[in-house]
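In the two complexes below, chain A is the common chain; its partner is chain B in one and chain C in the other.
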Partner chain A sequence: MNVQDALLEKLQEFFRDSKVYEFMNRDVICVTPDKTLLHVKEIMRIKRISGVPVVDDGKRVIGIVSLEDIIKALEGNYIRESVEKRMTKNVVSLHENDTLQDALKAFEKYGYGRFPVVDDENKLVGIVTKHDIIYFLLTKLGLIYLHDRRMEEVLERSTSLVTGEALERGKADFVFHIDYFDVNKIGIGAARLKRFLMEKGLDEELVRRVAIATYEAEANVVIHSGSDGYIYCFLDDEKIAVRVEDRGKGIENIELAMKEGYSTAPDHIRELGFGAGMGLPNMKRYSDRMVIISEVGKGVVVELMFFRREKDENKGDR
Partner chain B sequence: MKIREIAEKLGLKHVCGNLDEEVKYGFTCDLLSEVLGRAKPGTLWITVQTHVNIVAVATVVGIKGIVLCNGHEYDKETVEKAVQSGIVLLKSEENSFLVSGKIYELGLR
Partner chain C sequence: MVLTIEEIREVVEGVILCDDNNVNIERAMASDLMSDVLAFAEPGIMLITGLHSPQVIRTALVVGIPVVLMVRKIDVPESVIDFAKESGVTLIATKLSMFETCGRLYMRGIKPARREME
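Now for the complex of A and B:
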């Protein structure tokens, strides 16, 4: 069983009654039947997707073109033919009100990589992959860690890992380049972010939480990544999002790294009081949502979300 | 309680910072993440760490002052950074246990 399936199995029991519309990707890319397979191939390449639903004028689903269809077209030398002629016509769709359990059964039964989602009128409203479901489930749990080949894709994407909204690096309210390898300098970025947020007039306790979690993330970049990194902060009326990224060594085992007291810091770093194995646990503790994505050799992305609410009822007496 | 009162009663050496800062809590630990995770704002921190990063930790957490024990010396950059950041630095020849106990007796918690 692969990692995705194992995760799904573990998590589905808690959320089996969630509806498809809660976790489907609404930003679905589709084509009309008059286009060529070559056209579809280009869409797949550019958008990095592996299946495209085909819709008629009324946006009703009439077929689907998968990566497999494209490969067959290339082999059979009919890539320039129309979608209508070559698409898979008996499409299995999910309804937006189907449950998570229904969706997982469909994946199991048909073995497809994706299912179009339709409404009562059979109109296309979204698409679901296992990846969407995993994102949804883990976000519900308040913590995501993913550990697979998608790292590269994730590093490039500019949407929030937590909420799915746009977090474009160029539009960050605060950017700090962690360009040093000296442990003595750890905290410069966090302290600057703290000052920046205080100047914005944000609640002091909230800013403190942001600063502490950011400090830990910054320390990880300096001590463990072996590369430089960036701190981005995005503000809006409801929340503060902090994203800390590096392109370094990555985390071997995130589950282990999340454990309090576990550390891979070398002795000379520990003597300075680092490496207590509390970095990731502290980040989780002080943030409202936390997502870590990492792959060995590719780097780490940590996204921390802090909600700007009056009362912090979940977080007790920190 | 003002840091000045604690410094005077314990005979701590003043290295830098405004002794009129108020503190309510004490925290004794040498692991930075423990301090980050558990110390409250308005704390006087008792430690044996001397490097400049303790100032960054203090700034982030909202720690007002640091008491360095066992007769250790602060690194030069630590003092410079503390002056910039407005963190009070103090020193003691005694160990962390004794310093903590005395500060507790004065009423910090």
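Now for the complex of A and C:
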């Protein structure tokens, strides 16, 4: 059993009733049957995906082309033939209201890498891979490391990584542009956010947690990203969401970066009191949920969630 | 034991560079690492540090630290003092070393900050 499977087995019992629509990838790429396999191969290469559902005019799923089909086509020298002729026709789909357990059973039973997801009218609404499920479960658990092609999607996407709801940058309650590279200025954004939240009359201890975690995120942008960045804050009755993003160097090894005491900061930064290797651990310590997404060369997105609770309640997981 | 700002100044033979909030201090922490301060400082304490940058003030502001005591030199940059004034953070400086500063204050009954989340 590989690591992915072992992880899934452990996690599934907690979330077995979650619905497929909660974790499927909605940005599903599909083709019509009149296209050639060569065309599909190009899509797979460019989008870096390993399977493409085939749909008719009504977006109903009528087949699927997998990487395996493409390899066979290359070997058999029929790559220029139409999708319709060579696609796998008896597609196994999941329904959007199926549960996580159903999905995992399907993976186990058929051994396929992906399943198209359909609605009541058999129309394609998404696609599910094991990766989507792991992504979903880790997000539920409060922390996620993501190091792959989805980085870009996430950067463009305006939904919350934690809750999936819309966090449109234009509608943020607070925006701060981290437009400086001077280490001595670190914290300006966090201090402003703190003042902003205090003026909103929010609980002082909660605001303090937000400010500290944001400060660390801001410091990371200035010290490590080599680019500018933004702090966005979204408020509602239940929570405070903070999103700090940059388009800089990215994190090479997130697991290492999460370790207390690990730092890649150079000496001149350490002399200024930074680079203690506590940045990410501190963010996690002070937030209720934290999602961090990064890829080398593509920047970092940190989303921090703080729940507004009664004063005397402690953090849920402590 | 609680000390006033003036009593602290006396103990460390320092100077008060600005004092807006006139608080009394019961607990303190000493660190040159901002992340340490963020991780472990409780609000209302005094921060003792060997750093003399505006960064320290900003960190104090974020954490809710009302008093910063800078060690090893008293000629703190004007910009830092101004920033402390603006931020309402009391700033004291002493020529004593970090070790001696902490030792003297400890002898006078200042207690360590409680590490709040471990």
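Rule of thumb we're sticking to: the second predicted complex is superposed on the first by the 188 of 318 C-alpha atoms of A that agree within 3 Å, B and C clash if a C-alpha of one lies under 4 Å from a C-alpha of the other, contacts with A are read in each partner's own complex, and residues count from 1 in each chain.
Just so we're on the same page, a contact is a pair of C-beta atoms (placed from the backbone, for glycine too) under 8 Å apart; a residue touches a chain by one contact, two chains touch by 3 or more.
Values in this document were obtained by computation on a predicted structure and should not be read as measured data.
When the two complexes are overlaid on chain A, chain B and chain C occupy overlapping space and clash.
In the superposed pair of complexes, A:111 makes contact with neither chain B nor chain C. Of the two partner chains placed by the overlay, chain B and chain C both lie in contact with A:216.
By the touch criterion stated above, A:272 is placed in contact with chain B and with chain C alike. When the two complexes are overlaid on their common chain A, residue A:201 makes contact with neither chain B nor chain C. Of the two partner chains, chain B and chain C are each touched by A:186. Shared-chain residue A:170: touches no atom of chain B or chain C.
Looking at the shared chain after the overlay, A:282 reaches both chain B and chain C. Counting contacts by the rule stated earlier, residues 183-188, 190-191, 194, 204, 208, 211-212, 215-216, 219, 272-274, 276-279, 281-282, 285-286 of chain A appear in both its interface with chain B and its interface with chain C. On chain A, the positions that touch chain B within their shared complex are 183-188, 190-191, 194, 204-205, 208, 211-212, 215-216, 219, 272-274, 276-279, 281-282, 285-286. Every residue of chain A that touches chain C in the complex is listed here, in rising order: 183-188, 190-191, 194, 204, 208, 211-212, 215-216, 219, 272-274, 276-279, 281-282, 285-286, 318. Residue ranges on chain B touching chain A, taken from their complex, read 30-34, 36-37, 41, 47, 49, 51-57, 59-62, 77, 85. Note for the complex: chain C touches chain A at residues 32-36, 38-39, 43, 49, 51, 53-56, 58-59, 61-64, 117.
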